[in-house]
Every structure is written in structure tokens, then in C-alpha cells.
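In what follows, structures are represented as C-alpha cells.
The same chain A turns up in both complexes below, where it pairs with chain B and then with chain C.
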Partner chain A sequence: MSFFSDERSSELRELFFESATELLQSLNENGLELEKRPGDEEIIRQVRRTVHTLKGDSAACGYQELSDLAHQLEDLLTPEIASSSNGTLADVVLIAADTFSSMLSAYRGNLQPPSGEELRLQILALTSKPSKATPYKLQARFAWNEYEQMVIQDAAGKGETVYNIAFGIDQNCPMRGAAMQLIRNVLQDCGRLLAIEPDHITLAANLDVVEAAIATGYDAQWIRKKCKIPAVISEVLVERLAGPAESSDDVLDIVQHVTAELHTENEPAIRAEEVITVTPETSSNGHSSQAAAAPSAESAGSSFSNVPETVLRVDADRIDAVLNLVGELIIGKSMLHQSINEFDKRFPKDALKGRFADAMAFQARIINDLQKSVMKIRMVPVEQLFRRFPRVVRDVAKSCNKEVALVMNGQDTDLDKSILDMLAEPLAHLVRNAVDHGIESPAERISAGKPAQGTVKLDSYHHGNQIVVEVSDDGRGIDKNKLINKAIECNVITAADVPNMSENQVLELVFHPGLSTAAQVTNISGRGVGMDVVRTVLNRLKGTISIKTAMGKGATFYLKVPLTLAIIKALLFRVTDRIYAVPLASVMEITRATEHQVHVVDHQDIVQMRDEVLTLIHLNRLINQHTKAKRFFVVVIQLADRKYGLVVDQLIGEEELVIKALDDHLVSTDLVSGASILGDGTVVLILNIPNVIGRFGRTLKMVGATA
Partner chain B sequence: MDQFPLIVRKDRKPIRYLVVDDSVFARKNVAKMVESFGGEIVGEAGDGCTAITEYDRTTPDMVLMDITMPQMEGIEAAERIVRAHPDARIVMVSSVGYQENIVAALQKGARHFVQKPVKAEILYEVIKYVMGDDAVIAAAAVQGVNP
Partner chain C sequence: MSKDLQIVGFRIGRETFGVRISHVHEIVRVPDITAVPESPEYVEGVINLRGKIISVVDLRKRFGEKTITRTKKNRILVVEVETKMVGLIVDSASEVLKIPESAIDLPPNVFEDGELNYVTGVGKMGDRLVILVDLTRILQKGELRRLEDFNESQAPGPTAQQAGLSGISV
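Let's look at the complex of A and B:
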């Protein structure tokens, strides 16, 4: 049952899932913090705030089960329970994060959510211990978000009087949604509504507290009277937040609990019980009074002093649309460029030439800046990716009884959001692997002369036009012999191949589907995503993965990905009558070779370049042409740790290409990763180098087949 | 029925009510309650259209309006009345199942809501709240105030 129209509710749903994911992330982080410092009140308050928000949001979206569970958890999050729980509260928080997460994905797929019975039991176990029935008491948090704080501060800055108001909804009121609306109406009568929590009408029955901030010309007394809405509100808390100094009474901070006179049949007749706390005011400044208000207002108050950041949430599609237009503009630029070149040739003496050149240069610079700015919008720090790993490492380490510390560096390296998202799964796999397979058990480590605690490192940095993400561990390293044996066992290679294989080729076996060096498949590694999937993802990203390992010292995986997927610098060349491109980042150098420099080894054409041997790839065989030129160009490209030479007929030059995906069924080959349009309208195919080499180069598969 | 201190207008005259409900029984029930508070029923209506004409005719101090009615629903009637008379005090009367309608009515300008079956003590408090400063509590059942 949703109050909103379909379109609006699906938009809200998206927003909900997005923010819920963030909430779960901070729940995870706080859970880990709490594990380290059980009983830290600030952390508990944070967790509580998070759970509270999740509760409100999910109720608003009609996800009753999640909302109920969150509600139960919220009640648990008090310093008292935390101190009496001996640290198990952190576990419950982490379990909750998992449970919520699985519920969320169920909701997302419109499935019946899991019952969360385990969490419920855990919560029960903790709540039953301190069996003191706490009387219902209105607890206000007033945890306004950045935007709301900004609005409040703005009003306070204009000299308006701002009040925080909390409404305790009458437990007998069955229509919480209507109550909520009534509260809004009343608040609007009282003054200007600055913030309200929950901020949309929820029809959920478990709404207990509504918090709001208003700017008003009325005094607290009047507001209190107005807010004591009969049959709906049982308790009101009015707190002066900011405003010009008034009469001496008002400068004092007044916190007042008002119990409505209604529904007194169950309770002893309490008439408007007033608790007045008087805090001595140190300065007449309105802001300091809010800091001294209630402890709950403290956290909100401290962030008040910061100038609020202006963060904009924009749909990624819109940015993509802008980026697409920029791409078209770049094509336009090269069209213009070409026309002007032609003009130059035709009228070499024309005075207009210089002006064209100036205008072109200016336009090029602007387009360049424009492109960079748009790209920057898409960039997000790698931290967004890394932040989930402390939890992953903790869980895996715990389940296999290892001690593992996670060290992260380079979190602020920026990466294209879409690449970042695609990297998440492979990286998680590598991290899990590092802990599960890489790091030894404490006993094993000590006997090997290493500290009992293993270390997994995550690092990321720029490397030319690429980003490198490193996953390393100081564990046992990859056992090459074991790998080879296993590969022979699985018929991936034959024993005869082994002497011919380089170290890198051996390590490459790790990515072969169906190979695992782990003696047994645990529930952590050996699930769905294998190393071959890791490599597939990287190939799709036009990235590479390489490994370094030393027995007993650990292993490092280097994931190299391009900064962005949308626009690349590419080298254009011609093979027979077609133009192709390869990403410039993978081109090491360009050399020339003659026919007699080519040797044939193992059915492969090779050429010697300085002290290296290059495997040649005849691109003209892609289109089934076998003409052989006497002299030809060789584009040296690097894939992982190996170098290959692409034989091309003619070099055209480097150009910035806007990649257009070829995702329709027009092209059914994995040899090209996209296409682009040049200034003169020519279509260029961008080669997918790993696949081209896989098909035509000397690969392990072919070694296995030919030997 | 419990006895409540009479609640009357500032000018000491009885509060004038318009009761709107398609059920005669419900109308009479509510009427009896407000009369026991010292109010006066100046009009009754069984549907939204009549409610609007009755409002224009009687200009009551307060309207007690059912949500589900034939001809015109309570929400629309409330909305039209409030549009024509922004000061109109309309209290929606409905059962729990119509919460969304109540929310809508509140957005359209209704002042409060009371849940069916109506409890006298709640209706009393709601009337007192909605009348606000325009009503006073007559200390005791004063003889002079007769419906």
C-alpha cells in the first residue's frame, strides 16, 4: 500500500534503495568500530541514528518487515545494553546489516523478504537480559541532515527564532499517517517548517516520534499549546534552537515535557507535568545555547558550525547524456579540423587561415576542458569501493580462524563510477581469496617466522592513463608446482608444455576456469565468481590483471583499468583498406620490420626487437587476407607482462575516440570492443586486444592443442 | 454519557455545528454528543453536495464531516468548503481504514480528524483544540445555554 502514485513511488523506491545501501555501509562500518570499542556511546548513537533512518525510510516505502526489524534493533541500541552485552552488540549490528541487506535485495526483486529470524532471536537474547521495563519516554534526537541543517542555520542567520519540536504520538492513535499529516498542518500554522523527520507521510503503524524544526514568531508556550494535539499527541518537547535574545526567561534553555491530559485512565492523573532544565547561558549568542541544549542535540550542533557542503545528487544517465554530447562535439571538432586542413591546402595564402587556426585552437581548448570537467563528474574516489572490505576481511578471517589486518592506501584515487562498480565483484573475490587462501593460519605463520597476524593490503594509484588497484597479502604465495600439477590433471596443459612456459604463463593458469589451488573448496572461495570471471571483467573494462608472487612471502594482484570507458586516446592504423584503433595506453612503441627479420618458431611468426622476442599478430588474417608486404609496421603492445607485435599496413596517427558501444546484434565478434566515428565520417573499429591476441596470438590454449 | 464542562463560543453563545454523514444514526449520535457539550446543531447533511449548500446557508462554527458518502465524498466537500471559506473548521470523522483519505483531507485543509466510532471525550478535546481561542469553557452546566 503506497500513498504515492506509481511513477513517484518507483522514483522513491530507487532513492530508497540507494540511500539504504549507504546506510547499510555505515552500519557495517559502525559495527566494526563498535567491535573495537564496545560501549562507545557516540558509536552507539550513530548506529541508532542509522537504524532509525532505515526504519523510517523502509516504512515509508511500505517495507514493513524491514521496518519492524529495524525498529526492534533500534530499541536495543542503548549504552546500557551495549555495556551489559559484553561486545555481542557489535555482532548483532553486523548480523543486522547482513539481514537488512538480504531483505533489501529481496524487496528489490519484488520477492518475499527473509524473515530475519536469526536477528530477531539475537535481539531478543539481548533485550531479555536487562528486563527492566523502561517506561515510555519521549526521546528526541533531532539529527538533521546536512540540507536541513543548512535551512535551519539559514533561518537562524536571518534572526528568526528556531525551535526543535518532538511529538510523541499517542500509543492509542491508530492512524499514524493521518497524525503525521495533522502534525504538519499544525506546524505550518505555527510558523515556517524547516525540517521534519520522517519527512514523508508514512502510513506505518510504528511511527512513534515525529521531530521537526520550525522558524516562528510565536513563543514556546504558544507552540506547546498548539502542538498538544488531542487524540494524536501524547507528549511534546519544545526546544529553543536559535534566535535573537529575548526576555531574560527566554534566554534560558527551556526543555519541557508536556503530557497531554487525554487518556489518563490507565495512568495516574498527570496534568501537564513540566520539567524545566535551566542551563546557564555563557553568551547571549543564540548558537551557543543550542550546543548546550540536550546531549542529543550535540552532534547536530557541532556540525552546525561547518559551512554545509553543497552536494548534488544527479542521475548517472543525465551525466552520460552530457558526456555523449561532448563526444559528438569532439567528432564535430575533428570534422572541422579536417575541413580546415583542406582549406589550407586549397588556399595556402589566404589571410583567413590564421584566424581559422586561432578559432580552432580556442575551440579545441574549450572542448578539452569541457570533456575533462564532465569526466570529473563521473569520477568517484576508490574509497567507495574499498570501504566495504574491512567487513569482508573481518568476516572471512573470522570464519577461517585467521588473524588478518587490512591496510588500505590511495583511497582518494578517482575512478570512473561505472568502472568502479564493475570492479567491485572481482576485487571482493581477490580480497576473499587473499584471506582464505593467501594468509596462513596463525600457528603456521609463527612457525614460518612471521607475525601471527597476516596483512592484506589494498592500494590504488595512477599509472599513466590507467589506474592500478593492488591487492596483496603476506601469506604463503602461489605454489607454482601445485598449479602446474593441477593444470596437467585438468588437461589444461600437458607435461611437455611445462619447460616452455614462462613464469607468467604459469601464473596465468590461475585464471583458467576450473582451476583452484585450494585443497578444499570452502564456502568463502570457490563460489560462483572464479578467477576466470575476474579476468573476464577486466577484459571487458579494457584492463589487465597481473600477478607477482614469491613462495612464503605472499602474492600481489595488479588490476590495471583505464581511467574512463567513454573516451580513449587511440592509435589509428590501416590494415588492408580498413581503419582500426587500439587504446594508446596499451601501445608500448612502434617499430618497422622487414620480411627477412621474421622467423617462424612453433608455427608462430616472431621478430626480434632489441633483446626481446615479439610474437607477431597478422591483423590482415582477421579478414582472411594473407598478403605479405616486404616492409611493414609493427605496433608493440603490452598485455599483462607479455609484449606482442601487431602487423599493420599503414599508421594513421593518434586521435581521441569517443567509444560507441556495439551492443546490438550487428556485430557478433568479441574481437572489437567498440566503434568510433572519425571527423570525415569513417567508422573505426576499436580492437579488443586481449581477445585478438587470444584468437591469433600464441596462447596457452594453442600450446595445449598443438603439442 | 459522561458530563463535560460546557464549551461555548467566546461570546458565550453555543458553538454552531454542521453534521455531515450519510448515516442518520451516525448524525444523531454525533449530534447528541455535541449537544451534551453545549453545542447547537444548525444543519445536517447526508452527502457532500448538501453539505456545501448547508454550509453556505448556516455558516457554522464547525463541521463534523464523514469521509465516505454518496454524491460527493467528504474530502471533496471539505476541499470546496475550505476554498470558499478559508476559516472553516472542518473535522473529519472516519474509520481507521480510510487513513489515506484522511491524510488527503488534512492536506486539503481539514483541521483535525476523529476516528469512528466516535468517543465523546476525544471529540470534546478535538473540538476544544480546533476552536482554540475562539471558545471558552463555561465553568459548569450553565442554565442559560439551551440548545
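Let's look at the complex of A and C:
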């Protein structure tokens, strides 16, 4: 039965998926914490809160399978199971995170969710363990309430012998309610029943321990014998009470209150069980049970309370729509600017001029602020990307028997959400690589004089108008000779090329598709596709990637990406009668040159600038023109470790451009990364520098070679 | 009484073509066109249509017209193909024709297969014939690709040469 209309419930489900992803993330994080500190109760409580919220939310959305599994897992999350499990609980939590995640994606795609059988088995393995281990250590707290204590005291005062009796109910006993009734009957046979906990049959459904106090004339031996009901009671504890019960400190009262409160909740059976499971702890350590009981009450009260209200969840599309409008506004601004300039020229003495200029400046400032604010909305801290890596590192390290610590810095660096999302895959690949290929095995490390535990570092920081994300490891580094040999083997380069290659060019080979230095292809890495993907994504983001490595000391990958994709600062120039733009970030400097300064080396036009040699790229090739001007400008661009000069006829200036995609199949070309509209309505193409250089730098060579 | 179809008539060369008015977004004069490198020959480039960048195809080249004259009468028909707007340059376009359904014949069999399957019918307006076309079909991805292949195999022009060059450089 659904209480909501279809639309409402699908919205609800969207929300659920959103929050569930976050819950799973924190489950992953907590699982890792738990692995480090297996007995930490605070973490266990956190996990339980998370699982509980997931259970409730998924049940509300009608995802029964998920809810059931979460419920089973919740039962497991107690300090004593954690301590008795020797750390396997952390594994179960992590497996659970994976299982839930695959179930969620199945739900999202409206598919039948996986059964989660593995998780179920793991949970069963853990839950059955304590039942085997604890029957001989049946512990009871005998926390009688005031009235019960009074009755007990009263009886003791009358000289009656009072016994506290605890029954451990057999794990295999199917009908707990009936067992309860049997216990009552037996107790009444033994003497006068003063108190019993739980005191109602309906609360006994999942009960393991029943406690009672009786006043009797029989001795403990006789009672014990009498109370052993085969196949129902596995264990009996009889304790003679000489006087008033001692177990009445405040802590226990609190537990009792919680118990009482929870009985009024909608899930009495589960709650009762929860409190019972903390019971054994109580007698040994009263304070911890207080702490344990409090959050369970809190989490039962409001599972949504930990979501701060100041955070709004907004569909990314809506923000994009606003951003688009801001983009239009910027175009409008430059249109206005142009008209006013014209007005200035036509009526240089008009008094209106000043007022126009004022209004213009005011509007420009507001639009600028508006743009910044909207961009800020799209910005998210890199932490969102980084937080998944502790789990990745752990899993990979475990599967290849290495000890790896992950150190993360600069998590609060902000980055455009869409860039962040696109970076996820390449970064995951680099991190996996660092652990799998970079870090050596502990034995290898020790013999190399390094600590057995390797370190993988993630860092991110601003660098000008760009963000740098660094992935580094202190492993064996990239073996250049191995790389060269492999490249020759795969016919990527020839042996003759090797002496002419710079160190960076050698390292660039890493990105060549199909090239892997891994001796073995594993499910983690080694097929040689990954690095190609990394570079492709970086190119698409108009970013760059560079490597630094030292043999035996490790390797560092630097991923440089623009702050945002939507608006860039660009340099505009004219080639013949057309205007093009390049991202300003890629421009090193601009210089003039004349025909005489151009030399031809290896069929390639070059020009010397100070003590460097620039390869010239004639941009008029873009429109199949081959004329050469006598005097021209050279826009100096750095790509990897080489500098190139773009030959342009006239410089126009720098401007903020709103990038519009040019993904139309009619005009798809990888030479152009987008288009933009200038103030006068002209469409300007933004060149994709790496591809332009790749195409014209190289074709030139080829034409020369074949001629 | 049969229903009239509203048709936007346009001219390419000496023929009058027509498209359903619902398929046409608007008709604009030909503005400055920014050429995009490496695009097929019949793609003129991109234009700024009130802040939107749309690509423009010269329908005359697409229809294989030999002589293309640029006049002030030239217009761009803006149509929507696969949710994207595309501009089509035609010699002239001005009239909205009302053709009764009864006056529309199915296209001759000759059009049905091969290159001309975008012809949906032939309308008679007095002694004039109006060739009704489905513009979306002209510009579909597969159709365009076929055209490119056709160009390359028929005439080893600059496109083929370029492909050959990039083949060497790989």
C-alpha cells in the first residue's frame, strides 16, 4: 500500500537514493574505522544509527529486501559481538555496504535486487557465535524497579529466603512465549514469585534471558534442578539474596527507563531485544550501557534529525539552468557595452554618456557577483571525491597483501561538481595503480630500507585558475627502461627513437593504450587501458596530467583541471578574417615575429625565442590556407614539456567566454572544444589546443616526409 | 471537404519544395556564418540564433545543386532534428501554401528507395508541382554518414586525402 501518489512517491524514492548513497558512504567510512579499532563502541553506535536509518527509509519506500537485511545487520551491531568477532564485524559492515549499494542500484533501475545471500550468511555466522560462546557465562542484571525492590525487601525483611533466578532460554526453542509461560509455572511451583522480567508474554517473542525473584523455602540446589526445563531452558543462574538487591544504582534505572519507554514504541519486540542484548555488559560496566542505551532511544525517536536544515538538496539541472541564464546575461552585458562604446563615438559630448557608463559599471558588477555566486553553488569540496578512497585503498591493499596507508590533504578545495564527477574514474584508477603497481610488498619494502607500510597520498590545491589533484605513492617508482622496452615490443616506438626522447616523453608512454608494465593482468589493473582513459578524461576536461617519478622513491601524478567548465577566460585573435579563442590559462606569452626569424628544421617551421625553440603551428591551416604572412604574432602555448607557437594575424584581446557545446553531429570535430558568442553577436570557436597541435604539428611532418 | 495542409514552400534552383509548417521553427535571413574546421562540405558552419549556436547546412549543396548563387533572397529555415535545431540554407522561402490533402499524390516509386526517400509526396498547385519533403529525414545521422561515405568513394577530394594523411600519422 502506498500512501502517496505515484509522482510523490517517485520523488520520495529519489530523495531516498540520494540520502542512501550518503549513508552507504558513512557506512564505508565507519567500517574502515571499525577495522582499525574493533571494539570502539562509539563507532558501532554510529554504524547502527546509519543502518537503522537505512532500514527505516528503505521500508518507507517499499524496498523490503533491503530493509530486512539492514534489520538483520542491525542486530549484529553490539559491542559484545564486535569484541567477540575478532574484527570480522568490520568486514561484515563493509560487505554490507557493498551489498546495499548493489541492491540500491538494482532498485534504481527497477530490477530485482540481489539476494544478499553472502551478507546474510556472514551475519548468521556472527550471530550464532555468541550463542555458542556465552551459554556458560549467562549474565543477568536483576535490575528490579522500585516497586519490585520494595516487594523483595519486604520479603527479605520477613525472614524469607529470596533468590534471584535467571533463565537462559535455549537458542533453538521455537516458542518463546510458551517458554515464558512454562517458566512462570515452574517458578510458582518453587515459591512465591516476587518479580519477573519481562513481565508480559508478548514481550518475550525474541527473548533470550528471563529474570525472576522468588521467595521460597527450598534451597538453591533444588530450585536449579526444578528450573531446568529440557529443550526450553539452556541455563539457570540462581543467586541467593540475603538482603535488598544491590544492583539498584542509577545507571540501571536509566536502562530500565529506556526499556520502559521503548516498550511504548511501535516495534516493541525489536526494542526489547536491543536492550536485552546490552544487558550482559551492564553488570560488568554500568557506564557503557548508559551510553549505549541513550542513542538507541534517540535514534528511535528521529532518524532524520542528523540532517542539518540549512542544507538544500537541489537538482543539478536547476542550477545549470540558472548558470545558463547568467551566461546569456554576460553575453547581454558585452552587447550593451559595445553599443555604449558606439554611442560614445557618435555623441562624444552627450551628457547621457556618463549616466550610461555608471549604469553599465553597476550592472557589470552585479552580473559579476551573480556569476560568482552561481558558480559557487556548483562548487563542492574535493572531499566528496576523496572520501571513497580509503575503502578503495583498503580493498586493493588487502587483495594484493600489502600494507598501505592513505594520507589525504586539501579536502576542502572546491571544484565544479561536473568536473569532480568526471575526475572520479581517473582518480580511482590512479589510486588503484599506486597501490597495486606502485607500492611494493612489505618484504620488498623492508629489504629496500623502507617502512613495511607504504603510503599513498592524495592532495589537492589551487594553482592559478586551475585545481591540481595529486596522487603520489612512496613505492618503487616507474621503471623507464621497462617502459621503453615494452613500448618497443608493442611497436609504439622504435629503438632509434629512444635517444631522442626526453624523460617526459618516455613517461608519456604510460598513457599509451595497450601498454602496461604489469607482468600480470589482474582484476585490479594491468590491461593497459586505464591510463589511456585517464588521459582522455583529462583532455575532455581541458586539463592536463603530468608525472614525476624517481626509481625506488615512488611516483606522483599531477592532474590539473580548470575550476569550471562553463565560463573561461580566453584570448581572442584573428586568423585571416576569422576569430578564434584559446583558453588564457594555456597561453604562456605572446610575441611578434617576422618571416626572417622562421627557420625550417626537419620540415617544421620553428622560431627561436630567447634561448628556446618554438614549433610553429600555422592556424590558417584550419581553413586550408597556406599563405604565410611577413609579420605575425606568435601565441606561445606550453603542452607537456614542449612549447609551441600559434601563428595568428591579429590579436583582439582577452574576454570571458561562456562556452556553448558544439556537440552537434553535423559539425563535430575534435579541433574545436566549443563555441561562444561575442558582444556583437559573432560566433567564435574555442580551439582545443592539444588536438590542434597534435594534428597540425604532426601532419606537417608527415607531409614533409612523404614529399 | 478535405483538410488543407499548411506547407512552407521554398525554392532550390527551379523547383519548389515544401515542408509542413509544424516542422519549421522559423525562417531567418542568412547572417554571418562561422565555418567549423573539418566539417563536411555541405555544412556551412554555425550561426548565432539569438544566443543559441546552431549549425547550418546548405540544402542546395545537399540536394546536389551545381551552381550556388548567394543573393539577398537566400533564407535559413530553422528546423528541429532529433531535438536539436539545425539551419538549412535555401534559395528563397516566403510563401505558406495551403494544399488540400486530395491534391497530394504519393511519391513516385522511383523515390522510395535510395537517396530520395525523404520525399513524402507531390502536391499540385494549379500547374505547379510542390515536392513535399521530410526535413528531419534528410538530416538524420545515418543519412548524413551515408552521404559522407558516398562523397569519399565517389570523389577522392580533400576529405579522402585528409583521411589518408591521418592514417599515416597514426
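Following the convention adopted for this analysis, the second predicted complex is superposed on the first by the 509 of 707 C-alpha atoms of A that agree within 3 Å, B and C clash if a C-alpha of one lies under 4 Å from a C-alpha of the other, contacts with A are read in each partner's own complex, and residues count from 1 in each chain.
To be clear about the criterion, contacts are C-beta pairs under 8 Å (C-beta built on N, C-alpha and C of every residue); 3 or more make two chains touch, one makes a residue touch a chain.
All values derive from a computational prediction rather than experimental measurement.
A.B. asks: I'd like to know which partner A:Leu182 touches here: chain B for first, chain C for second, both or neither.
C.D. replies: first
A.B. asks: Which partner does A:Leu685 contact after superposing on A: first (chain B), second (chain C), both, neither?
C.D. replies: Only chain C is touched by A:Leu685; chain B is not.
A.B. asks: Touch test for A:Val672: chain B only (first), chain C only (second), both, or neither?
C.D. replies: The second partner, chain C, only.
A.B. asks: Could you tell me if A:Pro230 is touching chain B, chain C, both of them or neither one (first, second, both, neither)?
C.D. replies: So A:Pro230 only meets chain B here.
A.B. asks: For the three-chain arrangement built by superposition, which of chain B and chain C touches the greater number of chain A residues?
C.D. replies: The larger set of chain A residues in touch belongs to C.
A.B. asks: Which part of chain A faces chain B closely enough to touch in the complex?
C.D. replies: 3, 174-175, 177-178, 180-182, 184-185, 201, 203, 228-231, 261-262
A.B. asks: For chain B, which residues count as touching chain A in their complex?
C.D. replies: So the residues of chain B in touch with chain A come to 96, 99-100, 102-103, 106-107, 111-115, 121-122, 125-126, 128-129.
A.B. asks: Name, in rising order, each residue of chain A that touches chain C in their complex.
C.D. replies: Chain A reaches chain C through residues 328, 331, 578, 622-624, 660, 662, 664-667, 669, 671-672, 675, 677, 681-685, 695, 698-699, 702-703, 706.
A.B. asks: Tell me, which parts of chain C touch chain A in their complex?
C.D. replies: 31-32, 34-40, 43, 45-48, 51-55, 57, 84, 86, 139, 141, 144, 158, 165-166, 168-169
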